[in-house]
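One structure coming up, written as structure tokens, with questions to follow.
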Amino acid sequence: MSVRIDGVVLPLAPFALEVTAELSARATAITGPSGAGKTSLLEVIAGLRKPTRGAVAIHERVVFDREQRIDVPARARRVGYVPQDDALFPHLSVRRNILYSGATMSIEDVVAVLEIEPLLERGVKHLSGGERKRVALARALLSRPEVLLLDEPLAGVDPDLRRRVLDYLVRVRDEFPIPIVYVTHDDEEAAHICDEALLLERGRVVRRVSL
Amino acid sequence: MRRLLLILWLALPLRAADIRVYAAASLTDALQEIATTYERQSGDRIRFNFGGSSVLARQIEHGAPADVFLSADEEKMNALERRGLILASTRVSVLSNTLVVVGDNIRNVHDLANARRIALAEPSSVPAGIYAREYLRKAGVWQRIAPKVVPTESVRAALAAVASGNVDAAIVYRTDALSSKRLRIAYEVPRAVGPRISYPFALVKGAKPRATRFLTYLRSPAARAVFARHGFLTL
Amino acid sequence: MTSEIIFLTLRTAAVATLVIVPPGLAVAWLLARRSWRGKSLVETLVALPLVMPPVATGLILLQLFGRRGPIGGWLHSLGIDVVFTTKAVILAMAVMSFPLLVRAARVAFEEVNPRLEQIARTLGASDTRVFVTITLPLAARGIVSGMLLAFARALGEFGATILVAGNIPGETSTLSLSIYNLVQLGRDDEAFQLLAVSVVIAFGAVWLAEMTLRKTAAKP
């Protein structure tokens, strides 16, 4: 069981996120229309938003529990969060971006799988959309996360490139033993990557399907 | 290293010193001449702060770093002495001055009362202004002149105001008028009619030891000669 | 004499600018990134020296730092006198320039995408590390330009300085105070020399500030 969300409540306008779910598949999709609270759920797991109720555990390690006043800060939660806008550090080179977490493990595996070797010394300002996604993925992977949180990884990627980025995502899923929580509003995309999908509507899980 | 610096610092006053002299603006020219000679003889450096005596006294009151205070009236020195801010035993008055009126087409106090704008050192606080007001009161024209007064921070600023033509007349010390080549003295206030002007000198509390020598030097025949040449009366 | 005045002015303005950088950045960051009780009060207080008559600010400082004032009295008992010394010049400059630095730094901090700071945290960085490696470098241009503006403001400080520091040659007579003094004494030629010097220095500082900001704006 990779991520357990237990009775989490987070007020959003105009509704509240109210989720209880176990994300135990190798890759779980969170789907649903925009504004359903998908990104907020990722932020709750990452520790960037504080629920008003409930608990969150990652691999049986409780990282948040309102009742017991447990709130592990984001920096100690060991999540690899790739937000929709990549959030690459604009003043650092690709190499310094992916080494930001101070990874001691060798970067070669990750660099090879994502084929970013030729980009390493470049500034991030001159990367294409697909390159940016791969660098953001590499940066998240190199922080040795216990769970990978991907928020709409294909949003903003050129239609011609979607296929290629999707292939990279499959490779990440298969090469690294890290469970993935994958936010998307595209069912086809979810089916391609994930084993299971939760459909979120107005802050609640309305359906759970195996893919 | 720190100890060495400390020793050097302690040793400094025994050698050449920076002596800070706060002096009435009217003493500017004479003192600068005296200081040039003194600096050459003693190796000390004299740093002046010239201004209206009232401004200087207020600065000393608030702890501005001064070694010597040369005031243009006894009242300012009295105030500092009452507060224990000067070394009373060093206090001495050796100079006097007279008031003059400068300005075109003025021959007597009645012409002065008819002038449009008259520059005076601030007549309620700066000595030259207080002296001038005292004179004008005695002459019975203060009521007429008061509304036309342009007050200045020091007597030198009053002199500059008339020299630039921005006011018609000013009452300044005779020594100030003599220092300006452009200005002619309209008339001199006779010593019998005018206020008694005297310049008290004293060391400020906490003055550097070397400052004593400078204060003594100001009473030497050489210094007196310079003061006299600039038009001061030496007592 | 002129070079002494220029040096004193540059030195005091530079020290004043450096002195306000740590508290200025702290206040700017708190205003940009945190909400707390009394925030609007602090915002108003910080802006006050910009809108109050400088002489009024000077009077407040004189009351606080004078020998009989609450802060000055305490410092005096420690053997430190502030009023009518070079320290008072720096104090007046610092207080008058503080709002300019805070405003510029606050805008610079606000322009840093908070997403970047959040992601840095998920990558294991402490708050200090996030500030030093992400926030500060990305806000650097705006901060430097704010420092230059603060420096230029300090160079021209007059109203607060003359009250709290007086106009003592070699001690507190900065360019502005010397110009005032020289004009009062009718020594216009010397005043014009100093005027030229201050125009050149102020022009240089503002020009540099504009240049640093323009480079930021040109960034994609």
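As written, the chain order gives the labels A, B and C, with residue 1 at the start of each chain.
The rule we apply is simple: a residue touches a chain if its C-beta (ideal position, glycine included) is under 8 Å from a C-beta of that chain, and two chains touch if they have at least 3 such contacts.
All figures in this text were calculated on a predicted structure; none of them were measured in a lab.
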Centrality ranking, top chain (CA atoms only): C
Longest centre-to-centre distance from subunit C, chain (CA-based): A
Interchain centroid distance [CA atoms averaged], subunit A/subunit C, Å: 44
Centre-to-centre distance between subunit C and subunit B (centres being mean Cα positions), rounded to whole Å: 36
For subunit A paired with subunit B, centre-to-centre distance based on mean C-alpha positions, whole Å: 80
Residues of subunit A that touch subunit C when the two form their complex: 46-48, 73-81, 83, 85, 87, 89-91, 100-102, 125, 139-140, 143
Contact footprint of subunit B on subunit C as seen in their complex: 62, 66-67, 76, 81, 83-85, 166-171, 184-188
Interface residues, subunit B side, partner subunit C - complex: 20, 47-51, 55, 59, 61-65, 152-154, 156-157, 159-161, 163-164
Of all residues in subunit C, those that touch subunit A in their complex: 113, 115-116, 118-126, 133-134, 137-138, 220
